[in-house]
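Got a structure for you, questions after.
Order as written gives the chain letters A, B, C and D; numbering starts at 1 within each chain.
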Amino acid sequence: MTDIGRLVRDIADEMRGAEERGEVATYIPPLARIDPRQFGLCVVMADGEIHAAGDSEELFSIQSVSKVFALTQALGKVGDTLWRRVGREPSGTPFNSIVQLEREEGVPRNPFINAGALVVADINLAGHEPRVAIGELLRFMRYLADDDTIIIDEAVARAEQATGFRNIALANYMKAFGNITHPPELTLGVYFHQCAIAMSCRQLAMAGRFLMHGGFYEPGGPRVVSGQRARRINALMLTCGHYDASGDFAFRVGLPGKSGVGGGILAIAPGKAAIAVWSPGLNANGNSLLGTLALERLTEATGWSVFAR
Amino acid sequence: MTDIGRLVRDIADEMRGAEERGEVATYIPPLARIDPRQFGLCVVMADGEIHAAGDSEELFSIQSVSKVFALTQALGKVGDTLWRRVGREPSGTPFNSIVQLEREEGVPRNPFINAGALVVADINLAGHEPRVAIGELLRFMRYLADDDTIIIDEAVARAEQATGFRNIALANYMKAFGNITHPPELTLGVYFHQCAIAMSCRQLAMAGRFLMHGGFYEPGGPRVVSGQRARRINALMLTCGHYDASGDFAFRVGLPGKSGVGGGILAIAPGKAAIAVWSPGLNANGNSLLGTLALERLTEATGWSVFAR
Amino acid sequence: MTDIGRLVRDIADEMRGAEERGEVATYIPPLARIDPRQFGLCVVMADGEIHAAGDSEELFSIQSVSKVFALTQALGKVGDTLWRRVGREPSGTPFNSIVQLEREEGVPRNPFINAGALVVADINLAGHEPRVAIGELLRFMRYLADDDTIIIDEAVARAEQATGFRNIALANYMKAFGNITHPPELTLGVYFHQCAIAMSCRQLAMAGRFLMHGGFYEPGGPRVVSGQRARRINALMLTCGHYDASGDFAFRVGLPGKSGVGGGILAIAPGKAAIAVWSPGLNANGNSLLGTLALERLTEATGWSVFAR
Amino acid sequence: MTDIGRLVRDIADEMRGAEERGEVATYIPPLARIDPRQFGLCVVMADGEIHAAGDSEELFSIQSVSKVFALTQALGKVGDTLWRRVGREPSGTPFNSIVQLEREEGVPRNPFINAGALVVADINLAGHEPRVAIGELLRFMRYLADDDTIIIDEAVARAEQATGFRNIALANYMKAFGNITHPPELTLGVYFHQCAIAMSCRQLAMAGRFLMHGGFYEPGGPRVVSGQRARRINALMLTCGHYDASGDFAFRVGLPGKSGVGGGILAIAPGKAAIAVWSPGLNANGNSLLGTLALERLTEATGWSVFAR
């Protein structure tokens, strides 16, 4: 049987010394300043045991990984009526693509591309003040991770807001089709803040446990979502979680996963483990280069791929 | 524990009485003539036990389900160099789309859209006579299904050839980019014949066993492909197996699957079962309406979804 | 020889009685309230003679017809360097299309689609306060039309601003590519106000004289633009002036023309006449239904098509 | 008054010495072998006078310039019903684009892109043997040019046929939508042969006279087409004659024109001149580099732009 703790440390050692580390995102200064030599990995096993190595306690901007939790929150509010406003098919084109929105009249292809996440944020806003909506999401994350120290990096949120012209375009474009119900600047405020949540690998892996446990907080614990909903969120992560490289991630790693431009990835091995990995350098598709490689190593060694017998 | 045999019979009973059965494909007469009231289901368990119900012995045209086996054959010939000529991302647009071929200079997005399957057929042709290449695939299918009676329905092949203008367009279009290496009419000949293979649910489920068994023919049997390749083919089936409804199939059924316009679907529950279902009526996305519904019932009842703990 | 005055009156009579009048634009209340039974036509001949009929003195919102004058103004400021930021090819897709902006990295296809007109407005803004820039354009229009009463309809400008999500999206999208240099809301302010200029057919035809006179204000008068520039603006009007119905307008009318969603069209018969027509009902392409028909009658009767010998 | 004869010789002299001559088409050997140092120009005036200079008697492959004459022939056969099968809007995308065909269900945007010309060829085929249809077009060209020596270069036709996979794709794709009525290979045969017509600048300018003369063969001569049809063909040449550089040609030259990949351009100054220019080197848009430049010089000096007063 595989010694997971040793495997996690071995992978972290290999990644620490990797030459090719990808390019750190530079579109906002707070991300551009991050040291690309960092790498963290944390695996929370089904029995609650935690294996961590590298910079697994370092905080990073979770960015689009937040879309998984915002979607879970929105499904809790409106249920499957959410799917009237967002599709659930892979996009097949780059993550910020506005083309499909035109062809499909303001309905984003899935909740994990930016346009879809904006509609989800609009659902979570639901007539509240933006800071109420974002506070609600933050409390949900703290609960899931069992850690009340999780915060929003306001410098990141401000920087997103100041340079997020493409997201502003997307929100206004969908508003023109009636698929954003609040003033776009409010919906955008929620979205920019959710992307700016700062977490460590340990916190993120903890927060992902309910997707490993079929919707339960922990074995014997309360339900977060139904088993069907947990399976479906996993399915969406697998087919849509890595923008137009989702197919490649499924091919190489074989786990439901969601990446963020900050270099973090949350991956779920149902029934076995919740995994968070972080390394700031990105590959050509905008996903963590070493993070993806580490997950490939991990599933190759453990046989955790959902496609393995 | 679920009694799979009873479940299979119950599902077949429910489907037999279904009012809404979808529309039978009409683009060629041999398919248009099929009686839409048919439904067959066959589940081959990991231990070799077989549960079948309904019209599970009836032969149908496997059509695009053949793409799984042709891909396996082609990977055996050229290995991962295949991926220089075909992508592995979901297409995000209808299955016969030629648009992405223009944007991506003749490289199809994945091996399960028609364009990708034509490149795969071109690889399998590999300098042979078309009838040699198609004979080789047929022998492979007979071996996998352990059934030497599997044949090609020549009337279907001829009808495909007579009306397949869109596939002729795709092949010539890729030829213009140099991604078809034989005269297009020869590559098309292989493709049209592979689509015309006629099989029963039982034969098809048997032929899919190696994908349930991590690449082995059967437990204790010889390797058909490596474990990694079996996982990867499963991954491709999950992300790309149902054209632009692949995300929906993953969301609802949660298994790697490949559908054909003849109404057949092959689905794999790794380590648990190989499943073939057939009902000729198609839903709006061109996939078997009752077949998809039957698989949804089956995974809901058994918990076989790859996304379940 | 054709009696133009009589012809103009005959056409106005025919249009007054027309049953099929198209649909009035409804996206803002001030336009939605316009009476569709109105029709005005004014022809200013090369010798200065004016023929007018119908509601030719009625003020209407010139909307996109303003793009011709804003382009002239911007070319006066930055010359042919403007073409580094805007193309000059027909768009081939609907006027508010954002697709080509994605493919062409923020460079609009021509100055007469909304995206292109926003870049032109950005050039005209040029570090000024928005009200300075719009004041400058208004003075230019008054000069060209020889009429100091021309004003901006502030109710229309406000309504555009309140509902112009698609234009806000376009401006922010181009800002993301660096092709809008001011804060998008300022550039949009200029654009929304220029669209809200209110003019009569007479004023508009007068303002278009310089395009009939090879760039001169009037025969023997001062130069507004060079002869080459006048020809080129005419060429752009012909190839791009009616969004994705430009080819049809050239085919049927055969004159450089620019339409607006308010139902106005400015058309130029070089060396012969400047023509303004207005009727609020739009055809399926968003151009004045009766206005287009009237121009077809006029060029058929006069032989003014630029394509006639 | 401009001395046209001298101007034509001056332009030919300038072009003879030009350094930058563009790239000769290389997709078929017979074109790739052409000497790029050649340049010919011929202007047929309204009064019948002919001014020619350079290699104006040299035969070249007219390629897509043939689309003007094939369209004229097809309109003679089926009249305006032709427009049910072909649009008349600029394409806005590269000339061989198949994308719009998918969006617009097999109806090409205009008769001057390859797809549109294939539909036109299908109309001209009209139940005949291909060689009858192509013979008919050849006789029409000989009549228009008043020259019975015009022939088809069979080596070019064969080379087109052997490598024309993209056109084969287009024809089959439209066949799938029902917009090609004959077996695609027959329609393609007509098309490949019409492209292979070989003519000199003198012959081509002569053949274009009816478009200068409002549809008459020559002043006082018989009608070839109605005045309206002549104007409309001119309009189509202006808006669609240079693929996705049509706007630029209108902007710079200001005349209806049709280019071919062999380096020829036919341009019409209605009521004034029919012009043919040829130089084999192409610019980035696939149109003759020196040919376009020569026409720009010619219209600048003569004021023949249709957009000039």
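Everything that follows uses one rule, which is that a residue touches a chain if its C-beta (ideal position, glycine included) is under 8 Å from a C-beta of that chain, and two chains touch if they have at least 3 such contacts.
Chains and their UniProt names: A, B, C, D = Glutaminase.
Only a predicted model underlies this, so the values are computations on that prediction, with no experimental measurement involved.
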Show me the overlap between the contact partners of chain A (Glutaminase) and those of chain C (Glutaminase). none
Of all the other chains, whose mean CA position lies farthest from chain C (Glutaminase)? B
Measuring from the mean C-alpha position of chain C (Glutaminase) to the mean C-alpha position of chain D (Glutaminase), what distance in angstrom results? 32
Chain centre separation (chain B (Glutaminase), chain D (Glutaminase); CA means) in Å: 47
Centroid distance [mean C-alpha coordinates] between chain C (Glutaminase) and chain B (Glutaminase), Å: 55
Shared-interface residues of chain A (Glutaminase) (touching two or more other chains) are none
Here the pairs of chains that touch are A-B, A-C, B-D, C-D
Hey, which residues of chain B (Glutaminase) end up touching chain A (Glutaminase) in the complex? 46, 87-93, 100, 109-110, 212-214, 227-228, 230-232, 234-236, 238-240, 244-248, 250-251, 254, 256, 270-272, 300, 305-309
Quick one: which bits of chain D (Glutaminase) touch chain B (Glutaminase) in the complex? Just the residue numbers, please. 97-99, 101-102, 165-166, 168-173, 175-176, 184
